[in-house]
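Next up is a structure, given as structure tokens.
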Amino acid sequence: MSGNTFGTLFAVTNFGESHGPAVGCVIDGCPPGMDLSEADIQPELDRRRPGTSKFVTQRNEPDAVEILSGVYEGKTTGTPIALLIRNTDQRSKDYGEIARQFRPGHADYTYFKKYGIRDPRGGGRSSARLTAPTVAAGAVAKKWLADQFGVRIRGHMTQIGEVQIPFEDWAQVDQNPFFAATADTQALEDYMGALRKTGDSVGAVLRVTAEGVPVGWGQPLYDKLSADIAWAMMGLNAVKGVEIGDGFASATHKGSMHGDTLLPGGQFATNHDGGVLGGISNGAPIEVKLAIKPTSSILVPRESVDVDDQPIELITKGRHDPCVGIRATPIAEALLALVLIEHALRDRAQCGDVVR
Amino acid sequence: MSGNTFGTLFAVTNFGESHGPAVGCVIDGCPPGMDLSEADIQPELDRRRPGTSKFVTQRNEPDAVEILSGVYEGKTTGTPIALLIRNTDQRSKDYGEIARQFRPGHADYTYFKKYGIRDPRGGGRSSARLTAPTVAAGAVAKKWLADQFGVRIRGHMTQIGEVQIPFEDWAQVDQNPFFAATADTQALEDYMGALRKTGDSVGAVLRVTAEGVPVGWGQPLYDKLSADIAWAMMGLNAVKGVEIGDGFASATHKGSMHGDTLLPGGQFATNHDGGVLGGISNGAPIEVKLAIKPTSSILVPRESVDVDDQPIELITKGRHDPCVGIRATPIAEALLALVLIEHALRDRAQCGDVVR
Amino acid sequence: MSGNTFGTLFAVTNFGESHGPAVGCVIDGCPPGMDLSEADIQPELDRRRPGTSKFVTQRNEPDAVEILSGVYEGKTTGTPIALLIRNTDQRSKDYGEIARQFRPGHADYTYFKKYGIRDPRGGGRSSARLTAPTVAAGAVAKKWLADQFGVRIRGHMTQIGEVQIPFEDWAQVDQNPFFAATADTQALEDYMGALRKTGDSVGAVLRVTAEGVPVGWGQPLYDKLSADIAWAMMGLNAVKGVEIGDGFASATHKGSMHGDTLLPGGQFATNHDGGVLGGISNGAPIEVKLAIKPTSSILVPRESVDVDDQPIELITKGRHDPCVGIRATPIAEALLALVLIEHALRDRAQCGDVVR
Amino acid sequence: MSGNTFGTLFAVTNFGESHGPAVGCVIDGCPPGMDLSEADIQPELDRRRPGTSKFVTQRNEPDAVEILSGVYEGKTTGTPIALLIRNTDQRSKDYGEIARQFRPGHADYTYFKKYGIRDPRGGGRSSARLTAPTVAAGAVAKKWLADQFGVRIRGHMTQIGEVQIPFEDWAQVDQNPFFAATADTQALEDYMGALRKTGDSVGAVLRVTAEGVPVGWGQPLYDKLSADIAWAMMGLNAVKGVEIGDGFASATHKGSMHGDTLLPGGQFATNHDGGVLGGISNGAPIEVKLAIKPTSSILVPRESVDVDDQPIELITKGRHDPCVGIRATPIAEALLALVLIEHALRDRAQCGDVVR
């Protein structure tokens, strides 16, 4: 209700601030009997963590996860799994000067107005650092989906600023700092290198997909699978647009072309609908795209106001991602996993007897 | 949990099928003491209802709403408001032949697979007819938002198929059958007239906006105002994409350009963020766009399969919207109203003491 | 959230007022494929309905239920089941004079203070009439529990006022107007006959039990099966106490006597715990008792205050149950059924893979 | 949904096992701007903690609480408050021998059957140790209720085994190890001393009350304040009965005697209803009683079965409370506080405009 829990049957409650003692989450509803250890979670955190290249923030955090509960002798027990990630590189001094200032495009202003108080250290609660617990919980969901259904969730960048990134090969995605599915990332390196020198930031688009999702996940009317995916993705920091399947391109489509022809055996000739029909998965791959705005914290001087409503010129220092979209790939994968496990469990609750 | 309730503090539970005896909803959580009668709701239903022009389905329903509870002597009592809309034009014979067939792009297939059973009459539960109760509930929400905060929610079409529709004047929107904010709709009439003759359908884009929303509505981390808007809109039949503010165009923006400059007095120089920062309203107008795919039920013959997984040639007869997007405007307004009232009440619960 | 929905996976949203046009509910989450018609529901409503003997209110309502949605060709479809019961015997004139008065022990006062407005006709929303939709929904739950698991839910009165009612035979319960499990109800008839002449009312205790509940239903920590039963029962009008198993008598028990000895084959030597251990069903019968206070609306003159906080002498006229507890038996059975189906579905969601 | 979250607007998600690394909780929804530090929470934990007298378990835990998030410069920020309590006295060896045995009256059996796995160390998740995070969260709720409304929540024992404990003076409650509101506890000491020597355990009854609750908290129909109190209390380990106001004694009451006479000024002549009318607080003190069964872990040998369904003789060793009810007083207070703050916030959401 207060915005910090994802899901209800597989419910992830997130806590922490960027520069507090720790961030973490509690997962309530994980099915019992699944093998689980920190080693299943840490690799996903490592994909998301800062400091891995010169194109992301230089904050240096190991993001080591500790399982506090819910696992006994290497298996989940069905009770809450608490995951703790201690913050270790909190340089509060970097942010001190902006405690009274509102950064354009940033949640500073709205948090302060909403709550009458805000934790200004590193963006406090609105920091992208809070995606770490989401990624950790998503790793648990991913594992269950893979173990039980063979679901495979993957993502890659399709655009950074004006640079389009072709999809060539999934195997390339973890071979470069851009989550690009291509071997040739020279243009991206040049583009981002030039951007860094200006102190400015840029937006991005990424694609995330899930293969192996069986037909039948998703609830009509309001809690459509597509709706919950849109909710999850639009809830990720800086996201401004979400598409399922053909998305906005659908507007110019004719019905005779757009409707995916059903073939015998639960197959489809095309996938314009991105794996969701009437809000329910149809067995085709789930296809999602999201647009991410440029990072709000930039080194370029800007005009703004302060907490006393006085005009100021604002210069943000500190360490920031020039394109916050880059590290969003593992996060978007985690979010998709969390939506899917929630719907898998809901479907099992209501339709556990249906023979498909 | 099973997908038919919108919201928690202002919870709308929707029921009914296209060709059952009735559709309707129960609103639980409407604040007490508000003037309310059927006359506040019927005009919104009339905007959505079919049969109003040759460009929408010819099904003819008065969509007369009856308030069954929750109102005493013209005022809401704080108890559940049940709204009933009897179905009066159910021509089940139109649909009989497709009870065993799956229409490409339609929820036929996924409903049948999920539940092992489906009501084939007029699309059953997956019919766009189920947006009528949503619109009725949205009318109640709209009234409260207007009465309490002066919030004004409006929408218009920006694109039908390949035809872009310029925004010229809000006053025009209710003067033509396209919800177009322009006086000159000749091109649209020609385009849609030609489309109807082919028996095909087409997609659309529409914009919906809310002015007067105060700063502070929306919850971090997951239940962002923008996330809940995306959920609501993507949950509308046939929607495949949602944007807040600049949406996908943000990908090419620089941070120095995109971040909306704060001015004294709670104003912003621009509105690239569409009225939401960090998931919380910032006082600027809420700006949303949604892309709607072409209607799945078309008169053009297509290949598909039936319930026995056998290939068939399928011809849909009956009455359908050639562009289901057209009637989506009042629905999208209702959905935005429902999201906003939910967040208004959540904010009042947690931050009722904060002086803004 | 606003109090009118029971359950989440099998969610029953209740609406209506005693003297409005109708009462009813929407069930969201009923599994698909179950045979269902009005004939499955009406008998339970008939057990609860008023006017069946001189010992209950003389209000005469057929309480005929109409299924508005969610059933197609005699089977549930997995979509919301709306149930409508039209009010037919609303004598608002009986209640007109007390619209400004607060009856001692009645919700008049608290509703008025909470909402600033109340529907005074027949108790409005706080009337026991609103248990009719609960009973209707409970009939659906009962049927599913019986069909799927062979669960059998029954209840009977154990005490009316000072009269203890021995348990002799389930078959007697429907043979007398007191839901007494005994053939000899002469003492009760005499007691209640004398009470009616005084215009006063009296309290009661009843027992409800469920046999055939498998081991494993119920959630730790807070949502224990016993906790949700207590919630359901204490939410029934006029209930002031709830016991599971030995209840308050447990206070004087020794651990060596109270702990139910486990026998091979999932049996227990005793059932002091009433079928729940650590909040989870243990396979023994669920045993619940509830205490119901005397009806608040009595014909005896009393002192009170009115809406202007002025002292008054109040005389309630109209038709009332001299012991509201009597008709509570079918309602308590329905409530227990609703709790059990909710937990059956939750268990299936999380532990659907566990081999028991 | 999976049972480990208390409340929705003030949502407390509990995690941990008795002998895992830590127990704790996350509070989501605490209003911002309240002064809060560990010093506000620790005293309540100290009242609950073990090892304080020879009449409670000899486990020795400091139960030191750490605030991990949600507080900045001594004030709540409106974001999640994570509370961590490290376990320090886990003697797993005490429990090793019973990993394959089911204790009569204990959750061993049902946890194992439900999940197919259980953490046997010290009762794992079903241990009363998990009430520590509840007490910590309750301390936060208590503080807000006191600060905002002057609500005062207190409890005391009224019965231990056969010994009735008279209420004489609140000031005595913290002066003896029995939470007895009397100066003369010699009989209790003798009774408990004798009990300890037998290795057996005994049940108890306690009373908890809240003064200063304003009229208007609580939701009809199902989420009555009384229903939620019953849910909270029956969810506490070992509770088998709950009463509001006169409870089971109401069964023999006449309506003319039971109905609390309203006096001018929002006062009542009596409080048979225990402060709740129609599920909504009426301004009188909230009065609750709960019955607690004897501790299941006793030193007396008993018959039972093991995980292979074989009969065994079972002897529990280790450290246990001879009367688990004694330490329940601060827990019941915490539970009542959590119910009240939830309803305070719900009321503010829906009825924030009502003038009372």
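Each chain gets a letter, A, B, C and D, in the order it is written, and its residues are counted from 1.
Note that a residue touches a chain if its C-beta (ideal position, glycine included) is under 8 Å from a C-beta of that chain, and two chains touch if they have at least 3 such contacts.
Just so you know, these numbers come straight off a predicted model, no measurement behind them.
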{"item": "Chains contacting each of subunit A and subunit C, listed by label", "value": "B, D"}
{"item": "Label of the chain whose CA centroid is most distant from the centroid of subunit C", "value": "A"}
{"item": "Contact-richer chain pair (by C-beta pairs counted) among A-D and B-D", "value": "A-D"}
{"item": "Distance between the centres, which are taken as Cα means, of subunit D and subunit C, whole angstrom", "value": "26"}
{"item": "Approximate Å spacing (C-alpha centroids) for the pair subunit A, subunit D", "value": "38"}
{"item": "Gap in Å, rounded to a whole number, between the CA centres of subunit D and subunit B", "value": "45"}
{"item": "Junction residues of subunit C - those touching two or more other chains", "value": "1-5, 8-9, 14, 29, 32-33, 78-79, 114-116, 125, 220, 346, 349-351, 354"}
{"item": "Residues of subunit A defined as touching subunit D within the complex", "value": "1-5, 8-9, 11, 13-17, 20-24, 26, 28-29, 32-33, 66, 68-70, 72, 75, 77-82, 84, 114-119, 121, 124-125"}
{"item": "Interface residues, subunit A side, partner subunit C - complex", "value": "1, 8-9, 29, 31-33, 78-79, 148, 220, 345-346, 348-354"}
{"item": "Interface residues, subunit B side, partner subunit A - complex", "value": "1-6, 8-9, 14, 102-107, 109-111, 113-116, 125-126, 130, 159, 161-162, 200-205, 215-216, 218-224, 226-235, 237, 239-256, 258-266, 272-274, 277-282, 291-298, 300, 302-305, 309-311, 325, 346-347, 349-351, 354-356"}
